[in-house]
Amino acid sequence: MWALVPALMSLLATSSAFGQEATYETFMEGAGSAFFTVSNLWLLIAAGLVFIMHLGFATLESGLTQSKNTVNILFKNVFIICMGTLTYALYGFNSMYPGDFNGFFAFGSPIPNSFSGADVVANMTADYADYTYWTDFIFQAMFAATAATIVSGAVAERIKLGSFMIAATLLVMFIYPITGSWEWGGGWLSEPFADFAGSSLVHAFGGFAAFAAVLVLGPRHGKYQAGGKIKPILGHSMPLATIGVFLLFLGWFGFNGGSVLNADPALVSLVFVTTAIAACAGGLSSILISWTVIKKPDLSMALNGILAGLVGITAGADSMGPWAAAAVGAIAGVLVVFAILFFDKIKVDDPVGAISVHGVCGMWGTIAVGIFGGGSLLWQIIGTVSISAFAFVSSLIIFLVVKAIFGLRVSLEEEVEGLDIGEHGQEAYPDFQVASKS
Amino acid sequence: MKLVKAIIKPFKLEEVKEALSEIGVEGMTVTEVKGFGRQKGHTEIYRGSEYTVDFLPKVMVDVAVAEEIVGKTVEAIKSAAKTGKIGDGKIFVIPIEEAIRIRTDETGEGAI
Amino acid sequence: MWALVPALMSLLATSSAFGQEATYETFMEGAGSAFFTVSNLWLLIAAGLVFIMHLGFATLESGLTQSKNTVNILFKNVFIICMGTLTYALYGFNSMYPGDFNGFFAFGSPIPNSFSGADVVANMTADYADYTYWTDFIFQAMFAATAATIVSGAVAERIKLGSFMIAATLLVMFIYPITGSWEWGGGWLSEPFADFAGSSLVHAFGGFAAFAAVLVLGPRHGKYQAGGKIKPILGHSMPLATIGVFLLFLGWFGFNGGSVLNADPALVSLVFVTTAIAACAGGLSSILISWTVIKKPDLSMALNGILAGLVGITAGADSMGPWAAAAVGAIAGVLVVFAILFFDKIKVDDPVGAISVHGVCGMWGTIAVGIFGGGSLLWQIIGTVSISAFAFVSSLIIFLVVKAIFGLRVSLEEEVEGLDIGEHGQEAYPDFQVASKS
Amino acid sequence: MWALVPALMSLLATSSAFGQEATYETFMEGAGSAFFTVSNLWLLIAAGLVFIMHLGFATLESGLTQSKNTVNILFKNVFIICMGTLTYALYGFNSMYPGDFNGFFAFGSPIPNSFSGADVVANMTADYADYTYWTDFIFQAMFAATAATIVSGAVAERIKLGSFMIAATLLVMFIYPITGSWEWGGGWLSEPFADFAGSSLVHAFGGFAAFAAVLVLGPRHGKYQAGGKIKPILGHSMPLATIGVFLLFLGWFGFNGGSVLNADPALVSLVFVTTAIAACAGGLSSILISWTVIKKPDLSMALNGILAGLVGITAGADSMGPWAAAAVGAIAGVLVVFAILFFDKIKVDDPVGAISVHGVCGMWGTIAVGIFGGGSLLWQIIGTVSISAFAFVSSLIIFLVVKAIFGLRVSLEEEVEGLDIGEHGQEAYPDFQVASKS
Amino acid sequence: MKLVKAIIKPFKLEEVKEALSEIGVEGMTVTEVKGFGRQKGHTEIYRGSEYTVDFLPKVMVDVAVAEEIVGKTVEAIKSAAKTGKIGDGKIFVIPIEEAIRIRTDETGEGAI
Amino acid sequence: MKLVKAIIKPFKLEEVKEALSEIGVEGMTVTEVKGFGRQKGHTEIYRGSEYTVDFLPKVMVDVAVAEEIVGKTVEAIKSAAKTGKIGDGKIFVIPIEEAIRIRTDETGEGAI
């Protein structure tokens, strides 16, 4: 069918079975290859969009924290994407998608370096899925590090760099694939629980892992003062934070849109619409609520509202219409404002609001599928609670162990001085007069 | 010689500079400072927590002048910087024992 | 034809007529579905690219204004995208594309929450267009808010937040779809007037709406001094402004490229080339002119020149070759420099140059189709003048009414102090020593 | 085959031969058009991704230099993309892809303004390639300016603006297409030398051109002090630098992925995987090495490590598996750290590390194809050395000539004051108190 | 009147401000400065080169007070700003010959 | 004791610091300021409008020294900061009545 046969020479250069080459060619000349090619391309582009979410997180987190910790935050985000991708190749991918397994846990193994013979057909054609094995890996790999990134924001401005790097690696490499396998790997939650793109598997997971980490770590010095007074510790750059949220919004089109796992026009376009509408509804409802409750139109709340809407719709972007999505997003936008105020009241210090945005709204989004998306409400609750609880407990153990062995917090002096000097011996803005470090 | 040190509202800087030029003062040094005084700061909000910003942005103008024009200088600053509202600022007069122009080694009133 | 049938279950979960499901499947298995699938994907990706233009506007506008108003500008841009998308879903889309109508005005109605039965085929297959109904909506929705964003920049640093939000909502929800329907909705201008991607319908519309708003609002305090002296009020961050222009340039590939409304290789690739060439020609000619006239190579003029080239080519990106596009862009780059100087001379205070970039070059681009693009010069002039005039008058009325009821300007004291503290009680850069507010 | 025939009217409006129109239509209705349409779309999107690399370079370079030179760096980057695209249209494209030629050098000529008659088919269908002529041009044009951008970073903070603009134009317009034609244009290096997406043709070219420029220009004032002491001159914004690297990483998916030159699922997905893995391995190995050698986890080194991995994999992204890519990236990440230290030791002052990242790792990546990618080691060395040497010598001549005629360096006074005031009469951050200029 | 000029560690500013309020001082002016002294700066690293940052961030507090409370003022600052570690800073007492409140034209001790 | 207050060109700071170290001065406090004087600012351009930036970046160095080395201090600053071109800056000598080291409660010349 296809007139032009792509040159596969180079790919197969190391493969022994030259006779098999024809088979991939045959497939590409056949009828099914058009949809396969488009779907594969869409998932690769979606992987690129999810990748850019890491820049979104990096800028959002550094914008919402103090300038004396900016190098540290950026470094952690750079580390996370590098570590996340490599550990996922080494272990995570095959642990999360183990094929047949007990439904609860599987060991991982490295992805192969190449395929040969019949394996090419099995992994590079519609025999595998609507996309190739490599596409599958890269799309999932871009998701994997997100959990650690979510934690990164919540523990910012006081955690030892080395300890964080160890804990984050353990979490991303070993724990994230476990809950992932429960649903997406065909485990015990795969039916009838529905979590389309990961309100629970990615976001609630990250949010509750962050919650545990913050409990172990404690609040930043000076945040909660004698007499119940809360001293806000201001983010140092609202433009950086705003850039972060817009990039996350953009990336979410790939996060949700790519989770359709092919280029089906009806479904992908529905997902784009529900995603955008929920985000906008979340933004507007947060603006409204913060204006009413706090009496000022608060930019940081508007930004969190958009994220809340996005996290909320992630579980059900494929299973409801635009107006249901608007409801899910708007409720998420309200929830996030009260959740942030609530966690501050109970002295859980989360500089960027990660627990509220990802944890609370991730749970909400999953449950919402039982309300608006035709899912089983009971199973939605069972699923999100199981995943969140597993994330919380695992993270608690990891952070407690790391604390016991290496220590978790920088010294008070370093915290006051800033982690940029303390951990990195570098400044983020050496040319600018930065205000009194307090 | 005296150092006339004036703490004023930032948006009055331009007018103060012009008032000083008019009476023949040719140099001054300006510092961005934060002031605390009777004028109270405003309340700000960050992610739901209110807090008070006590320190207000002010500008400090340091002018070294010869004895005989201290009065005129203070007067010029005063009238240019006044809005009549709280927070207009202060002027302090401090003795200078010696002044040197680095470029020419001139000293005393000729240096300023 | 297509071997793999995408799972539509979830989409159709709420639909009653299960028997119809086969029909979408039948279509997807048929011959036409490959081009449909690719075209649909391209429009969705283009929608993502247009989305990122909103970040471009947000960073450009905040970069070109003072740091004491940064939170305010960012907030307005966040609000606009949220409000724009939702009001377009609620009213705008169906008002702009009303189907059969009188050619001048149609009432809008909300987009549906789902389709069932035969409607699925009618809206999700080639029966509808080269893309689905949802794709159509999201692509157009991303355009809709642009008009308000353009105004946002021009009225920056002095307008009351609440009043702006009301005026922008009225403009985007009710007025933008009217002129839109004239051409793209099949109204009186649809033939032979040609405005490919909206030099007039989007940009001149926004520019002239901004013009009216600025006339009602007046210049910033201190800008035009006694004796005709102009005091430039500097933008606070050239990196932010530059990020903005590059993102807008990128987004324009989707803005123009998506306006082909399918993935036709010849036409989409031509549009990419003309778009890029016009932008680059605009940048270079602005550099040249500003170097000659102002005697210094002015970065803000170079940035405006690129935007001028992009706005200029928007009407004719599909109807001329690269060298004609270069001419259109280069002329736009010259026009924008003189327009900015001119508006400053007549004391129309536009902090970001929106009227010159979008208004003047939007008109020029539309007319240029009558010169280089084979369009009727007369009709091009009739079209762009009608649209610009309608935008101007509507905006004048809206801003006058809002002024009468709520007031438009913040107090002089607040303007001097900055709108960030005044309207939001927040600072954009709390860690940095910001220079004397004047 | 395709049910929907795209409207080509407008494209062909200026074409005389209406009878030919049918032929493009016929092709689009035929079997091969699906793969053609997808491939064409992918290359256009890839062109957009490569475009965004220019923003990546602009932010990276300005982040790693002082705030007093920020306007200047941004201006140069804006100029380069405008100039690069236009000169490539005017001369470069046809000089680089000359068709039949002597294998060493060909004169260029402007791209046409339109095609008519049989030329439409020859240039807009699979007769041309898996994409149209316009797509070919825009994808290659986005690459073209990269060489100048690389030089821009290395000569920052001390070069005269006008002189740089002239030298960069000569380099991009006339020299870059020459080496390009050797390999990609079918010249003497096209076989068996393998440089997939340009480790040598783009990066080593740029790196060695930069090396020559820096030798002619000399180090920044005060960098190398009496007694061999090196005074680091700090970059002014680590967030800008980090944004730059993430955008470059994203853009590289288009740079490498698009270089497949069609949408072949197996190959494009392999390229995405090897690209990402090499980048992440480069980042991790740089972190490790800098932590061991310099004793601190250095963010600027981590960022350079990612770029090193990306440059390294560029030559062989299509010819090796993920673990080979990891090896290539990790070695590049080590190389770049020592290269930066080395060049500083021999007093070659390169503010952003361009020579190390692009020059050294570009060479390494090309050679690595002879080790891991099945290429001829000898030919890989011959190729990369020839290209680098040609770039070095040409650049040396250009910069020496420009120096002789116009002078290259700004005055010491201007260098101390900053080029923003000196060359542009503008400041990048007028609201902020910038630290003592030294 | 005297100008009490204190150079302190930035994170002590809040406490110093409160100590001064307690003894009835109602105004002060604060400047971000960089200090050089016995407390040595730290070593930083940039792309492999080590270098020493000599100047440490400090805060300078200028308080104009009446003669009779100079002692109390100095005492208040001293005890609030002390950590006992090197780099705590200095207090200088400088004569003021005249003080004027811009808003009211008041002069002398009434003005401060 | 005296407070030697020098306003100098920013890029001379390093040299001034070294000159002071050489004569045994161990501490100083540095402030970024903007200077207005005979040296005129430059013209800048923004979107076509020219305007003059009157204020030039300068650095103010405050050094408290004992009576007997005031001369040497002034001399050291002067020779290190001089370029001979307009805008080199000024040095003012101001009396200090008391100095206190916060860390140790030392007072007088021992404190500085």
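Side notes on the structure shown:
First chain written, first letter: the chains are A, B, C, D, E and F, and each begins at residue 1.
Note that a residue touches a chain if its C-beta (ideal position, glycine included) is under 8 Å from a C-beta of that chain, and two chains touch if they have at least 3 such contacts.
Please read these numbers as outputs of a predicted model, since none were measured by experiment.
Among the remaining chains, those touching subunit C and also subunit E are A, B, D, F. Two copies of one sequence, subunit B and subunit F, touch each other mainly through non-matching residues, since under half of the numbers at the interface are common to both.
Mean C-alpha positions place subunit D and subunit F at a centre distance of 47 Å. Subunit C and subunit D, compared by their mean Cα positions, are separated by 31 Å. Distance between chain centres (mean CA atoms), subunit C to subunit F: 52 Å. In terms of their C-alpha centroids, the spacing between subunit B and subunit E amounts to 18 Å. Of all residues in subunit C, those that touch two or more other chains are 34, 36, 38, 41, 45, 234-235, 237, 243, 296, 298, 300, 424-427, 429, 432-435. Contact of a single residue of subunit E with at least two other chains is seen at positions 31-32, 45-46, 94-95. The touch graph of the protein chains shown belongs to none of the named shapes.
Every pair of chains meeting the contact definition is listed here: A-B, A-C, A-D, A-E, B-C, B-E, B-F, C-D, C-F, D-E, D-F, E-F.
Residues 416, 421, 424-427, 433-438 of subunit C are the ones touching subunit B in the complex. Only residues 2, 5-8, 31-38, 54-55, 58, 60, 74, 77-78, 81-95 of subunit E touch subunit F when the two sit together in their complex.
Against subunit C, in their complex, subunit F makes its touches with residues 45-51.
Remark: subunit C residues 30-32, 34-36, 38, 41-42, 45, 49, 66-68, 126, 130, 234-239, 242-243, 245-247, 249-250, 253, 257, 260, 262-270, 272-273, 276-277, 279-281, 283-284, 287, 296-300, 302-303, 306, 318-324, 326, 373-374, 429, 432-435 touch subunit D in the complex.
Listing the residues of subunit E that touch subunit A in their complex gives 10-11, 13-14, 32, 42-46, 57, 59.
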